[in-house]
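The following pair of complexes shares a single chain, subunit A, combined with subunit B in the former and subunit C in the latter.
Let's turn to the complex of A and B:
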C-alpha cells in the first residue's frame, strides 16, 4: 500500500489553489498528519488510560507495602525479594512453561494439519469458507461454557470412562481425566487451537498454487513439497498463531484453576490468589515479572515475522 | 488440479472430522444433558427427559441474578461493539499513511493483544482503587474490554485497507467529492461487509470476556462472571441449561451477523451486476 495515495487528494486540491506557493508538499504532509492524529486520538486515549496507565500503576504499586486489609505508598523491594527467593516461583514458572509448551505443540500440529487440509485439499472456495466458518464458530462462544462442557466427558462417571470400561481397556474408572494437568492441557488445546488454524490458513491461502505445480512438475514428492515449500512459506502464520497461544496460556489463571480443580498452579493463578487476598503489591510484583517474561518471549517471536506484512 | 483424490486427502479429511467433533462434541453433550430429568445428575445416563432445568433458570434462588447479568452483558456487548467498530474504522483510515508515532502506536496495539488479561484487570482495578472511583461494568469494565476488542478490530481493518483499491477514491475525488464525501459514499459502503466482522468480534469478545472484567465490573457481575461463580456452588444440570441457553444465544448472534453479511453480498452483486455489461 502506498501511503502517499492517501493524501494525494489533499495535494490535488491544494495544487489547484496554491499552485504558486513553495513548500506546499510540507503543508500537505502536515495536514495529513493532523488528520491521522485526529482519527487515532480516541484510540490513543483509551490505550493510554486502560493499557499504559494500568501497567505503570502496577509497576509503581509493586514497590508499595501492604498489611492484611490495606496497601499504601512506600518504596520497598520486599515484594520482588519474595518473588525471586520463594521456591514456589520457579516451580510455578516451570509448570506454566510446561502447560505452554504442551499446548503450543498440540495447537501447532492440529492447526497446521487442519489449515493444510482446508487450503490445499478442499477444492472449492465455497466449501473452504463453509468449513473454515465451522472451525471458527466456537471461538465466538463462551470459554467458560466450553470448559464446563468437559465435565460430563471426563468425569469419574463420564463418557470417556464409560466407553473405556465398556471396551475393556481399563478396569476401574480413570481418576486423572478431569481435574488434572491432562485436563488443563486438553482444555487449552480445545480453546486455543483456533488461534493457530486461522493465521496458518490465512498464510496458506496466499501461497501461489503455481509454485506447488512447478515443484510437482519438477518431480518433487508430496512430502518434499510440504517441507520445502509449504512449511517455509507458512512460517509467518505459525508465528502469529504461536504468539497468540503462548501469551494466552502464559497469562491464564481461570482454565488452570477450573480444569485442575484448583490443584495445579500457574503464574496467573498466583497473581489472582494474591488479588483475592488483597495483597495487591505482591500481585503487582508478580505481574511485573510475568509481563517481562511474556514480552521477552513475544519480542523473540516478532523477530521472525513482520505482522504488518501478514495482514 | 482436478485429479483423483489422493490417500492423504482421506486421512486429512478424517483428521478434520475428528477435530470438528473435538470442537463441538463437549458442547453438544451439555446441550443434551441440560434436558436431564428433575432427578438427573451432571453426567450420563439421562434420568428421563424434561425442561425442568430450563424452568429453574427463571427462579431467582436457583441461579442467582442470571437475567440481570445477562442484561448487563448484552448492553456492555453492544457498547463495546459500537465503540470498536467506530474506532477501528477511524484507526484503519489513519494508519493508511505514516504519521509521527504510527509505528509506536502499532506496537502498542499489538501489546494490548498479548498482555495477559489479568494484568489489565489488576491495573485498571488498582487505578480505580487509588483514585477512589467506583469500579463499574459500564466504565472500568467497558474500558478494560476495549483493550482486547480494539486490537482485533484494528487488525481486521488493516487487512481490509491493505486490499483496498484506492482507484475508487481517486475517481470520487476527481469527480469533486470532498474528503468526507469520499469516505461516506465510497469507502464505507465498500468496506461495510468487513465492518460486520468487526462488529461480531466486538460483541462476542465482550459478551464472553472473563479475565478483563474480573476486577473491573464492580459488585454487579457480567454473565461470564456469574456463570463462573455458579461452577463453584451449583452442582445440578441447571448449569448445563444455562450453558445451553447462552451458547444458543451466541449462535443466534453469529447467525444474524452471517446473514447480514450474506444479504450485503447478494445486494452488492445485484447492484454491480450490470456495471460491465454495457461495455461488453
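Let's turn to the complex of A and C:
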C-alpha cells in the first residue's frame, strides 16, 4: 500500500468533518456542504482512479480462472483455496515477516538515534537542515542502484572480505555477506532507514524544549527524560515511520531477489513470479491476501498510537 | 529567627555572559525569607537569564548565588531547593494532571501509592481534585497554571521561581490568578521570585520590586517607593504614571495624577490639549506645551466633567513643589 495515499485519505476525512461543523442556518449549511463536496472532488477523483479502481480490479480478477496461456472471467475460489492451503504460503509469510521485523527493528534504532541527534544535540537550525539534507543524499539515486552497489562491496572477493582478510581477522572469505538474509536486511535498512528518520525527526522538532527543561527541573536524569518524556512524545512519529517501513518491506519483491541471489522468498516475489507466468488471477488473489494482512497490521498499530495529530 | 536565616536568597556579583555580551552584569541582591519579589524590566534586560541562573538552567558566568546559607551556584536544579514554573507552564502533554504533578516524585523513585497521596493533598489545595485524570489540553489556561504551580510546589522548594507566569492568560483571568498567587505565597510563607514585564503585576504583587535594565538593577525597593520615588529616569518612564520634566537640578518626575490642568499654582505652563481618554473612574488627558513637550494628566471623572476640556483648547498645567521628585542623573 502506498503510504502517501494512506496519509491523504486521512486528511480528506478530517477536512470534511471540520467543514460540516461550520454551517449554522440550514441554507448556509447546504451551501457549505455543496462547496465541501466540490472541494473534495479532485481528491475523490484521484483516489477513485488511482486507488479504488485498481483495487477493485484486482479484487475482481482474483476470482477469475486461468490456464497456461490465458486468463478469463469466472467466479471461482480456487486461487484463494490455493493460497490458503499451499504450504509455501505460510513459510513465505513467515520469512517476509522475519525480514519486516528485523528491518523495522534496525530502522527504529537508527532512525530514533539519528533524529534524536539532529533534534536535540544539533543546536543551530542551519546545521540541522544541513545534516538532514546530508541524510537524504543517498536518495538522489534509484533504489536499484543503491542496492546493486552493495554487491561489489559484500561479494566473495568484495571490499569487505578483502579488508577483513588483509587485516587477518578472517582466514577465508565470509560467505554470508552477500546473497543471504543478512544482505537482504542490510539493503532494506539502507533503503528505508530515512523513512523512519523523517517522521521521528519531525515529531521531535515539535517537542517544546521547555518540557525537557521542566523535566530537568523536576530532577529527571538524561535517561529518565528520554524514557519519560521524549519516547512517549515521539511515539506518533515512530508509528508513522513504522507504517512506512512495514508496508514497504511487506510489499517488496526486488530487494529480496537481488540481495538473496534468488535464494529467499517473499510474498512480493511470489506475486511477481505469478505475473511473469501470466497467472494474473493467482497473483491477484495473493495481492488481496497480502493487502489484508498489511491493513490488519497497520490497524493494530493505529490502535496503540493516535497519529492524527501528526498529519 | 537569626539574621542569617532572614537573608534568604543572596546574589553576589552574579554575572551572565553570552560571548562578550553581558546579559546580567554583576548583580548584587538580597531577598529576605517569605517575600514576594518581582523582577521587572523590558524584554532583553536580563531578568529571565537571572531567574534561570537561580534555577540552575543557565550556567552562572561569575559571582555567587546563596540560598538558605548554601552556595548553590554550581548545583544541579534538583539539589538547589528551587522550583521553577515556566512561562507556558511546560506541562507534559502525554501525562494526566495527577502524573504531571507527581512527576518530580516519580523521578526521585517514590512508589506510586505514596506519590499519589502527596499529589492528592496538593490537588485539594489548588482545587483540581475532580480533574486529576484529565490531560493538560483538556484544561483551561487558569487550570493549567494551577497544575504547573502544583508540580513546582510538590518538591517543597525553599523558593519558587516564576517566569512570566501570567502572560499567557487573558486580562480578566490574569487579575484573578494574580490574587491567587499572592494568597498562595502568603499561605506557604516561602519566597516567590517572579519575572515580569508588566508594571501592574509587579506593583500589585511585590514586597520588593527589582527594576532591571541592560543587565543591571536600576532600583530595588518596595512597590510604593518604586512608584513614588523612582530612582532615575529609566525607572520613572518604565514604571509609567510619571511626567519627566527638566529642572535646574537636572531631571525630575511628577506623577500624572499630581499635575493639574486649568489651575495656576507653583509652576504653571501654558499647554494645549491633544487627546482625551475616558477610562471610567479616571480620565487621561495628553497635553503639549509651546516647545512640543508632551505631558499626561490623570484626573478623576468628576474633575473632568466639572471643567469643559476639549481637544485643541488651551489651558494651564501646574503642579505643587512637593510633588516634584528629583531623579538621579
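Everything that follows uses one rule, which is that the second predicted complex is superposed on the first by the 262 of 311 C-alpha atoms of A that agree within 3 Å, B and C clash if a C-alpha of one lies under 4 Å from a C-alpha of the other, contacts with A are read in each partner's own complex, and residues count from 1 in each chain.
The rule we apply is simple: contacts are C-beta pairs under 8 Å (C-beta built on N, C-alpha and C of every residue); 3 or more make two chains touch, one makes a residue touch a chain.
Remember, it's a predicted structure, so these values are computed and weren't measured experimentally.
> According to the stated criteria, A:200 is in contact with first (subunit B), second (subunit C), both, or neither; which is it?
In the superposed model, A:200 contacts neither subunit B nor subunit C.
> After the superposition on A, what does A:208 contact: first (subunit B), second (subunit C), both or neither?
second
> Regarding the shared-chain residue A:239, is it in contact with subunit B (first), subunit C (second), both, or neither?
neither
> Should A:230 be classified as contacting the first partner (subunit B), the second (subunit C), both, or neither?
It touches nothing on subunit B or subunit C.
> Where does A:115 make contact in the superposed view: on subunit B (first), on subunit C (second), on both, or on neither?
neither
> Is it subunit B or subunit C that touches the larger share of residues in subunit A?
Higher number of touched subunit A residues: B.
> Touch test for A:308: subunit B only (first), subunit C only (second), both, or neither?
In the superposition, A:308 contacts subunit B only.
> I'd like to check the shared interface: which positions of subunit A are touched by both subunit B and subunit C across the two complexes?
213
> Of all residues in subunit A, which touch subunit B in the complex?
Those in contact with subunit B are residues 1-10, 12-13, 32-33, 35-40, 42-44, 46-47, 49-55, 57-58, 61, 110, 113-114, 116-118, 121, 123, 131, 133-135, 137-138, 140-146, 148-153, 155, 157-159, 162, 190, 193, 209, 213, 222, 243-244, 247, 250-254, 258, 268, 271-272, 275, 280, 283-284, 287, 290-291, 294-295, 298, 302, 307-308, 311.
> Quick check: in the complex, which residue numbers of subunit C touch subunit A?
Those in contact with subunit A are residues 55-57, 77-78, 83-84, 86-88, 90-94, 103-104, 106-108, 151, 155.
> Considering the complex alone, what residue numbers of subunit A touch subunit C?
208, 210-211, 213-221, 224, 228-229, 232-233
> Which residues of subunit B touch subunit A in their complex?
The touching residues are 1-2, 6, 8-9, 12-13, 15-16, 19-20, 22-27, 29-30, 33, 42-44, 87, 90-91, 93-100, 102, 105-106, 108-120, 122-127, 129-130, 143-144, 146-147, 150, 154-155, 158-159, 161-162, 164, 166, 169-170, 173, 179, 182, 200, 204, 207-208, 210-211, 214-215, 223-224, 227-228, 231, 239-240, 243, 246-247, 250-251, 253-254, 258.
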